[in-house]
Amino acid sequence: MTSHSTNMRIKLPTICIILEVILIILFGVFVRYDKETDSKKWHAHHDNNGSEIENDFYYRYPSFQDVHVMIFIGFGFLMTFLKRYGFGSVAFNFLIASFALQWATLMQGFFHGMGSDGKIHIGIESMINADFCTGAVLISFGGILGKTSPVQLLVMAVFEVTLFAINEYIILNIVEAKDAGGSMTIHTFGAYFGLVVSRILYRPHLEKSRHREGSVYHSDLFAMIGTIYLWMFWPSFNSAITAHGDSQHRTVMNTYYSLAACTLATFALSSLLSEEGKLDMVHIQNASLAGGVAVGTAGEMMLTPFGSMIVGSLAGIISTLGYKFLTPILDSKLKIQDTCGIHNLHGMPGILGAIVGAITASMATHDIYGDGMANVFPLVADGEVTASGQGVRQAIALGVALGFALIGGCIVGFIMKIPIFGTPPDTLCFEDQIYWEVP
Amino acid sequence: MTSHSTNMRIKLPTICIILEVILIILFGVFVRYDKETDSKKWHAHHDNNGSEIENDFYYRYPSFQDVHVMIFIGFGFLMTFLKRYGFGSVAFNFLIASFALQWATLMQGFFHGMGSDGKIHIGIESMINADFCTGAVLISFGGILGKTSPVQLLVMAVFEVTLFAINEYIILNIVEAKDAGGSMTIHTFGAYFGLVVSRILYRPHLEKSRHREGSVYHSDLFAMIGTIYLWMFWPSFNSAITAHGDSQHRTVMNTYYSLAACTLATFALSSLLSEEGKLDMVHIQNASLAGGVAVGTAGEMMLTPFGSMIVGSLAGIISTLGYKFLTPILDSKLKIQDTCGIHNLHGMPGILGAIVGAITASMATHDIYGDGMANVFPLVADGEVTASGQGVRQAIALGVALGFALIGGCIVGFIMKIPIFGTPPDTLCFEDQIYWEVP
Amino acid sequence: MTSHSTNMRIKLPTICIILEVILIILFGVFVRYDKETDSKKWHAHHDNNGSEIENDFYYRYPSFQDVHVMIFIGFGFLMTFLKRYGFGSVAFNFLIASFALQWATLMQGFFHGMGSDGKIHIGIESMINADFCTGAVLISFGGILGKTSPVQLLVMAVFEVTLFAINEYIILNIVEAKDAGGSMTIHTFGAYFGLVVSRILYRPHLEKSRHREGSVYHSDLFAMIGTIYLWMFWPSFNSAITAHGDSQHRTVMNTYYSLAACTLATFALSSLLSEEGKLDMVHIQNASLAGGVAVGTAGEMMLTPFGSMIVGSLAGIISTLGYKFLTPILDSKLKIQDTCGIHNLHGMPGILGAIVGAITASMATHDIYGDGMANVFPLVADGEVTASGQGVRQAIALGVALGFALIGGCIVGFIMKIPIFGTPPDTLCFEDQIYWEVP
């Protein structure tokens, strides 16, 4: 069958080479160093402004590296829980992330980073944004893990990155909502996009591979490496592109407490939902991270540690409940085969995060934010909108993200079904053997 | 038997939920952003003071993240060496650390961080301190690994964090000793506390589970992930809360050389102590870290790289000797079943670190420290005490830490024996099966 | 046979203790805190210069820690791919790196870090340089992995570090070439040194151990931890000791894009070179890193992201081709048994990096670099040499590195053959059992 022609010898090299050549050409034409990475511009600028430490590099590079670890180790190893898909999990994650971050540099640049000279100027902040966009693709990947060829994944990345950039542009620059940690732009978008793709790629005979859809003892420990790295560095994720100073600092703190509370909630629910009171590694590996997703929008706001802990606890509860009750329903009723449970880890907590963001925004007052209002809610500080107006914008942004995800995922899902991209047969899902020399 | 009722379905959710609700309420009442995380306060402050880079976030966040990795990956994976307790090691570590860092924020805040407004003001430094306190609990956990229920562990954390905060308050604020890297407050306290708890929980029939108390090939490699992360980031641990500038920088350097020397000493001893000259993974995984513990107090002082290397070598030697000769004696004679050998990794090296700190302090002169004396030994700089007076204070602090550990561990050990908290039977120690859905 | 006396009980402790004692004595005599780590000097200096944030610690410590992770986790775990040599890979890496960084502090200090007082003054930059030098030793280790005793490795480290320091001195201080990320000083030198050592230690009967020279499923996942960490933190490696400000920032960005492009090229070639189109983990684990090596010299220059991506793609292609075609030839024709394929990952990409550096240097103009020229090419900025003159110097530096590697490796290889240092028999290569208590 053409659609199951799993030999990648022509397809995969062809798509990789074509994409990289296109990337190189477009970078050559459009991409330039920005004023903090360009030797001439920085020194012209810097001589008037004092210390080298004011280069944005020193504000953001540690956060960037933490985000980078989340993208490559965090997502990569989180998905190694499958007993026979460890190579595919960590290495396809590596492949599509390496592509997506290059493509995202261009797409985000085209849609909202173009200078007056018609060039895209890049630096540490654009690198973080590229990694963020990549994160959305990897979330979607989690929904179809083990059921797609690497060529299909690259095709998905091409389109998803593009849609991500447009969606992000609308949310941040037109609706002017705030979403520093991406509850909407990254998590909600990435999750529902992936779920719709998974629906389009529905496999009625997936039971032929179900025996491979579980873990073994050590694969669960590899997955915990992913979990713990995501958990630890989520404060860096949410704060990586907020304003300098108190904003980065506060976002880190809110995320830290949200995640800690979420972990306790997850352990509580996981034990409670088991007849024998036994903990389930799937819950611990995933639901304990929902607290980071759920403060992705409000983390930079004056949410307070106390508020963060409430949000984190809620996120852990709904996420664990989702794994227990909703995932089986999605599968049996809605024909959504969500391998990693992205609906529970990114979907619902992303929506929760958007709602929390809207509520927190609508409660902003100058008495609480002081002169920092200009950093967190510039429209409110300028008097252009009221706090509740900002709250409404946040809610609209959620709608935009969901809309893009659902329609975009639908279109891209059908594109991915084109037989030429190859796809594993139902009998060989969740199996490294078809794409890898396995020892 | 009630005491062996290992079904956690009611107990674990109940304690998690009660603790988290209490935490949320107390945070709501007492915890506030400090002047570097609060939008209004920072901007009021900052407008008079220049650059955003002066926010303490930029001085300490990279160190914080390294400490965070040590707490969650370092401690978590170091304990995965057991062949059938990998889930419990990494995930109970995750659970109790997530609880302890929240509780520590409150306890440390109550005992020595309260503002004049009766509120606890938090920022990056309090987060580091909360992680440090958590470290002590995880050290104690190492002494009882595999022999306790997660409920017992949470109970231990509640009390140990509280005692830690009091002990720390006495040592730092009353005795006014220096202990930036916590040789006394974290390692000595955590280790002897855990050893006493282990004594109280002594199991005369533990031989029924001894066959599970070893490693398998890959579990030792997982444990090496923990070891190496602890080793690499220990310089960040010891320097995370020292004064800005030369103090952080010097502490990092002293710790770096101490650990390097310690590693050579550990390999030398491990080979020497084996009849066939074969290296023992237990030694490499643990004793090579003793050099970090042993410069926990003196690391910020003018110990010199040369001095650090001597201390590190000594620490590696006594720690390896401890694993070879002392651990069996503790077990057979003193009825202390120290699963991870915390006495060798944290106990003796912690005491060594306290002694080195006392000696180094007593040798401080203005000629060596210059104007930096005010950062390292403020009392000496102010003329309030002599250098040898500071040395005496350091020695007193060690006594305080040991006293708190021994008495506290005894009381808490008996509390943990209350049957309602559950505990695994002697036949099912070091076994994930009783608390986990194991694939 | 003496030469196969694998019992390390006397040899290993003896060499470790002798080396550490020598290190401690030499540190005591020669090594001092520099003006940023010394309490008195920093405070004398700082009071005239403003903020503590200007301490070099804050410019370089995050990069240092990333480099540190590459050295200990990256190299250590990359080599755990062997099914029965995981302990040796990660722990001998740990041992020789711990020694080498101490020894490098001295050797680099003697050859190019001596103050006017005859002392070596150390701080964060010397720590990074010590880790860099260690990296070269670990590269060479990769070429002889599984075929040497730990004593032989320490002997190699003693000499290789010394030669590294001399070679580095000649390249950076006499030839005055630029090589911030060490394409020449670290990768070319380390690789060809290791290859020559491997040639000298050629084992005609290695087929007796070939069945152990492969991986198992989970050992390949452990190796991917090493790969991904090296890949993620390579931007920090290349930028760790460049000038502050735009130079660090730009180097990070160039390396980031080079590596991303390299990964796509590696996947493309790996699939293309397999008859069934199946990907080979050896390629993914190694060749995808070649992009970091290949911008080790030019990364700090105005290479542009576009240029970096071309270089990275080329590096991925030649490296993968090397694994497929060259490694078997080296083995069968040149009698070089290169366990980890260091020729493909470090050798050829290192030479490529040197050439790219020479070309990029020769194209430098004041119009491109502006006042930043003084940081990147001080000789050109001063008018001492032309840009093409700088290019020639870069090319000469490559020759120096190759010369030192080939001659040095030859001499040191013969020293390592001295029977007293022990070496595993042909039947027990790639086997932990002979040096480790294996569970």
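Just so it is clear, A, B and C label the chains in written order, and each chain counts residues from 1 on its own.
Definition applied: contacts are C-beta pairs under 8 Å (C-beta built on N, C-alpha and C of every residue); 3 or more make two chains touch, one makes a residue touch a chain.
Bear in mind that the values here come from a model prediction, so they are computed numbers and not experimental data.
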Turn needed to bring chain A onto chain B - CA fit, degrees, nearest 5: 120
Residue-number overlap at the chain B/chain C interface, same or different (half cut): different
Distance between chain centroids, defined by C-alpha means - chain B, chain C (Å): 33
Where chain A touches two or more other chains, by residue: 51, 53, 58, 62, 218, 225
Contacting residues of chain A [partner chain B, same complex]: 51, 53-54, 58-59, 62-63, 66, 83, 214-218, 220-221, 224-225, 228-229, 231-233, 236, 244-250, 252-253, 256-257, 259-261, 263-265, 267-269, 271-272, 274-281, 284, 288, 302, 304-306, 309-310, 313, 367-373, 375-376
Chain B residues within the chain A interface of the complex: 7-13, 16-17, 19-20, 23-24, 27-28, 31-33, 36-44, 46-47, 51-53, 55-58, 61-62, 65, 68-69, 72-73, 76-77, 80, 86-87, 90-91, 94-95, 98-99, 101-102, 105, 122-124, 127, 150, 218, 222, 225, 434-439
